[in-house]
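In the part that follows, the structures are each spelled out as structure tokens.
Shared between the two complexes below is chain A, which has chain B as its partner in the first and chain C in the second.
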Partner chain A sequence: MNPETASHFMRSLAVPLTLTAAALAALFLPMIAGKDDARPGLAVLGAALALLAVFPASGPDSISLFSGALTLSPFTNYLWPFFLTALAFTVLLSLRARGGLPGAGEYYFLLALAALGLMLLVSAGELLTVFIAVELLSVCLYALAAINRSPAGAEAGYKYFLLGSLGTGMLVMGIALVYGTLGTLNFEAIQSALPFSHPSSLIPHPSLHPLTSTGFIFLIAGFSFKAALVPFHMWVPDVYEGAPTPVSAFMGAAVKAGGILILYRLYVLTAGSAQFREIFWGLAVVTMVLGNLMALPQQNLKRLLGYSSIAHAGYISAGFFGGSEGLKAVLYYLAVYALATMGAFAVIAAVEKDERGITVKDLDGFSGRHPWLAGAMAVFILSLAGIPPLAGFFGKFYVFTAALKAGCVWLVVIALVMSAVSVYYYLRVLTAMYMEKEHTALHARPSRAMNLALILLALAVTALGIFSAPLLRLAQAAAIF
Partner chain B sequence: MPFEHLLVLSFILFALAAAGFLTHKNTIVLLMFAELMLNAANLALAAFAKLSGSPEPQIFILMIFAVAAAEAGVGLALIILLARNLKTLDIDEIRNLKG
Partner chain C sequence: MQFIDANLLTIIITLPLAGALALLFVPKEKTGLIKNLALGISAAALLFSLRLYFAFDAADAAMQFAVNKPWLPDWGINYRLGVDGISLLMLMLTAFLTPLAILASFNSIQEHQKAFYASLLALQTGMMGVFAAMDVFLFYVFWEAMLIPMYFLIGVWGGHRRVYAALKFFIYTMLGSVLMLAAIIFVYLAHKAQFGTYSFALADFCGTAFPLKTQLWLCATFALAFAIKVPLFPFHTWLPDAHVEAPTAGSVILAGVLLKMGVYGYLRFAVPMFPAAAQSFAPWLALLGVIGVVYGSLVAWSQPDMKKMVAYSSVAHMGLIVLGIAAFEPAAVSGAVLQMVNHGLSTGALFLIVGILYERRHTRMIEDYGGLAKAMPGFSAVFMIVMLSSIGLPGLNGFVGEFLVLFGSFRTYPWLSAAAVSGVILSAVYMLGMYQRVVFGPVTHEENKRLPDLNAREWAYMLPLLAFIILIGIYPAPFLRKIDAAVRTYVTAVQKPESALAGERGSHKPQATNKERR
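The block that comes next holds the complex of A and B.
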């Protein structure tokens, strides 16, 4: 190991270890130092910011650790800071909301561990590590959804747990079948064990062993639960509505990204087979069509954002087909989508009375009393709808261009039509805020931390649209698979 | 017992668990079926361990057991919370969140 690699290795290893230490500190602080609700949050926030500062922006090409269990690569160099940033914003949104509620220590502990699970998930080099990372993430999220111990939270947590464990069951069965027929769980070894990864082989139409195909189908289904693709999306609206709003924001921004990227890995493994490409094609189409159609009649804003997150997962999966340019677009899209959805949830967190959030009708005349909050919400919603010059437009533009170059014309046509449909429900939010008369006064008292988060998010969504080059360069560097 | 029999048994167990999961209404029974799916998959891994003679799948089984136990712990806590809040174990009566 040369000195440069060794230094990168040590710094990278410090990230998960420091985050774990911060999580434990957050858990034990309230027991040692009495009930100061801000301190556990500040511990996790500080750790996330410090790690963002020390994390190397670039490193050597790829290091394999622990006999291939973890891989550090340009890919993780992009995604680890992404998840740390999402964690930092989630803590900023939670700081005041946690005041006066029980279990602040546990809350930040679980949040930090969920972020850790996501970081391990994207750096995993083999399926068993993926499984353990997914479970670390999911078990924390089940508890986080119900952390307020309210009826809505308990229902959200249980529904998430139930459908999540159905997904886990499929995942483990898929892992068993893939291991049993291929004899390995390592991604690279699986890739070279699959018949269609050797274009020069003599078999004219290489086909998979039926048990291997079944295994991959189970894996795709299991991960589709985590990424919330239709028809495995049933939990999303309920969980987004019932979970505490900062937790919903974290799910939309970060957890979604983790699920999508692990599906991308499966896509790369199976892309040599026309049948599997068709499965992914079908999932993308069904997800974007049904996600948008089901969002149309929603009244609760958190539910609406839940369905909108399903639809966005569909658009993002269109980028799978574009090769390395597609991956670049997907990485860019995930970042700008995360900023916009985090921002929209932040506005809800600033005005809501309990964790069920607000309805679109509650926003009637919102711009009169709170012009700044309404302006920020408008920026986030317009970015989600994909209106230029905001970042969301460029995300869609790059993803659809990459898919188009790969020859998926129909997929892009459907995506464009569904984007047009989605404008309807996004505009409903805007017309409520700007055109309607106020009938119920919403009292927003955003804390300083929340204001800071809102300003940063709104600036980022605007700036990354007008100047998309820096983030695109980062995504480009990370898109080597 | 030959390897094929074990594998078929695990598939039957998995199918029964999935069918039970889709038809039952009690929150605790649903948790049991979800755990049964994991055990069916573990049995498949055990069958493959028998086939290959390698100890690797047995290690996977142990790790999956540990994860399943953690998951069941959180699941039971959620069921208790739900039962306290809504005074019911029937999944059909848990529908306050609806669009």
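The block that comes next holds the complex of A and C.
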């Protein structure tokens, strides 16, 4: 190992190692201090996060670590800060809810490890690392969903665990089949082992070995569970509803992104095959259509946002077809979508009484008592609905343009019509807040941390659309595998 | 001064939004300050617009006061603004109606006043932006963003079924515009395929050539979005709901300006971008317009509710305007553009009049009135002039526009124009009937005897409207001169669609490869 690589190596590993150390500090400091006050651990965690978010993990070129198990590239340079920011916002949202509760230390520990899992997931260079990352992430989330030890939380955790295990089972099966037929787990090696990466005139349309195909289908299904694409979405509404609201926010914003990006990797691997493109096309359409339709009748706001997150996964997958332009759009979309979702959950967290959240009806007349909170919620909801000049509109525009450039006219038309349909359920939230008479007085006591998070998120969602050039430039730099 | 002139359009567009943001920081108890600030801001915007009007060179057919600054350069999205005669008149109409609408709301809006005036001002920014944008992306952003304040105006300060009306308005418009967005992106990519550069400039969009079949599809999506906004029969069903439920100021802006955006869309985008397709669609547009004239008039005739009657009369008037722009005759198009202004003035005034009555009696039913001439002589006189202008009585503004439209389109569509005349006659029937039942006859309700006449504030917003109703009626030439060059450009763009189709051979290839890639 030459000195330059060694320094890269150290710098890159510093990020996950610091995060792990911070997570451990959050777990153990309260124990050492002898009381259930998690604040010291939090301080450590917060400081570490702030440091890491600005830490450049590697330069503009990719480096491969541990014989290809981890690949650090501009791609991870974009996503690691993304996940860390999501984690930081989740911590801000959690401060009021978790302050005095038992198990606060474990809570932040698990949250940080889940973020670590996501970071590993997007930097994984081979399937086994992917699997380990997914498990690290999922196990933490199962526990986090149930951490309040309430009936709703237990139900959420249990459902998530059962269906998640099904997804994991499919992953293992898929990995086994791919390894069995291709003899490698490394993404690059898989890529070059696939017949359509060497187009030859002798075989105009090379097809995969049936077992390899089956393996990939299992992999796609397994990751569709994580990204919550229809028909692998059944866990989403219950888990989003039952989990503590900051955890739901983290799932909607960050975990969703991880799932989508690993699916993108699979798309790239199999893009040479028309059948697999059809599969992804079908998944995208079914997800955006059903996600939106199922969101229409929802009453609980957390469930509604859950279905909305499914629908957004559908829109995002439309960007898969657009090549590197598409990936750039997807990365931009993920960021602005995460900000808006995080914000909407933050408002819920500020007003809810227990982790079941609130119904749309509870928000009736909300703007009268809390004009600023209602205004922030309106910004997030309108961004999710894709109304200009908010960032969500620009995300949709970039993704759909990339898809249209690849010739997916019908996919884009369906997506656009569905986003017009989605306006109906998003506007229900605004209607309740601004146009109905108040009947249950919601008393919001947002903590100072929560207020800070809300202000930052609302500003970002407002500004990142009209001034999307800087974020796009970052996404552009990252949009190379 | 030089700075102001160079950035005149930007100032006109951003000033109301800046005012709206400033309003948010005024304490909500200071309602007097809020009202005066809102009025002051819209008056300032009007002053800047007057500067624009007088500095505008009517002889120059090019876009004036053009601004072109990069916004998202990688995507070819620029901050492009500019005005020609048509845009100019629409901008003036917006700048003129907004302060009047604000003034008319001083009494009728008592709840959430701060948010109300902020929404109105934000809406003004959206409308100004739509009329000044020369970048299709920028246009779309303004076009969609405008829905948010309008949705709040209807939904928060509206009548009983306001939530339903606001949702219907939003979703109906949105459904039309998302398809237009797909078409916009399609044209944008086709331009890249043909010229190698990304650009959302309107001029570049107009220069992109398509085979006729593609053009028909693209034109249809644009036409649908604009038809919903106009609204053309049978896409008009959102309009009566929105109008009836909206507060007076909302109705004034909706009828006065928002409906014009649909027609403006045809004039500025759908037709110049797809001239060949527009030519084959034109007879159908004209037909729908005339159906709207007849149907709108008949439905208006049977309305017991004054506001609904005015709303349906809007459908009829807008139908006539569409007939005018589909005729592609300079006289008809000039008449249609002038009629857009006229309709904004007289229908805006009619909604204000209904609002004045509603504030006094809290009913809009014609049967609840009668014999108002005694109690409210000033009001009755104003009402008469406005009503006659809406009917199209010679000497008032409505006549000039309607005459030019019918005269011009008669050469292209003799039968349709003849049918449209019936709408003009019908409008006289129902409007005069309504006026007679409201203003003349015996007083059937005791309360009507003691109704106060117009107060100073009401005179203050009715008089400017009356002044223009009469001025345009007597001396329309200066207004027609301003739009002359723009109308000529529009008509010639359609008359030579062969040149647009010339690129058909060249553009076939990229289309085919696009399909293959999918």
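Just so we're on the same page, the second predicted complex is superposed on the first by the 451 of 481 C-alpha atoms of A that agree within 3 Å, B and C clash if a C-alpha of one lies under 4 Å from a C-alpha of the other, contacts with A are read in each partner's own complex, and residues count from 1 in each chain.
Rule of thumb we're sticking to: a contact is a pair of C-beta atoms (placed from the backbone, for glycine too) under 8 Å apart; a residue touches a chain by one contact, two chains touch by 3 or more.
From a predicted model like this one, the values you see are computed outputs, not experimental measurements.
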Request  = Pick one for A:300: touches chain B only (first), chain C only (second), both, or neither.
outcome  = first
Task = Give one of first, second, both or neither to describe whether A:407 is in contact with chain B, with chain C, with both, or with none.
result = second
Message = For A:435 in the superposed arrangement: first (chain B), second (chain C), both or neither?
response = second
Query = Which partner does A:382 reach: the first (chain B), the second (chain C), both, or neither?
reply = second
Touched partner set for A:139, first chain B, second chain C, both or neither = first
Contacts of A:131 with chain B and chain C, given as first, second, both or neither = first
Task = Identify which of chain B and chain C touches the larger number of residues of chain A.
result = B
Query = Which chain A residues lie in the overlap of the chain B contact set and the chain C contact set?
reply = none
Request  = Mind listing the chain A positions that touch chain B in their complex?
outcome  = 128, 131-132, 135, 138-139, 142-143, 146, 149-152, 154-159, 161-162, 165-166, 168-170, 172-173, 175-177, 179-180, 183, 185, 237-238, 241-242, 294, 297-300, 303
Task = Show which residues of chain C lie in contact with chain A when the two form their complex.
result = 72-75, 140-141, 144-145, 147-148, 151-152, 155-156, 162-163, 166-167, 170-171, 174-175, 178-179, 181-182, 185-186, 188-189, 514-518
Message = Show me the residue ranges of chain A that touch chain C in the complex, using the header's touch definition.
response = 382, 387-389, 393, 397-398, 400-401, 404-409, 412-413, 416-417, 419-420, 423-424, 427, 430-431, 434-436, 468-469, 472, 476
Ask   = Which positions of chain B touch chain A when the two form their complex?
value = 7, 10, 14, 17-18, 21, 27, 30-31, 34-35, 37-38, 40-42, 44-45, 47-48, 51-52, 56-57, 60, 63-64, 67, 70-71, 74-75, 77-79, 81-82, 85-86, 94, 96-97, 99
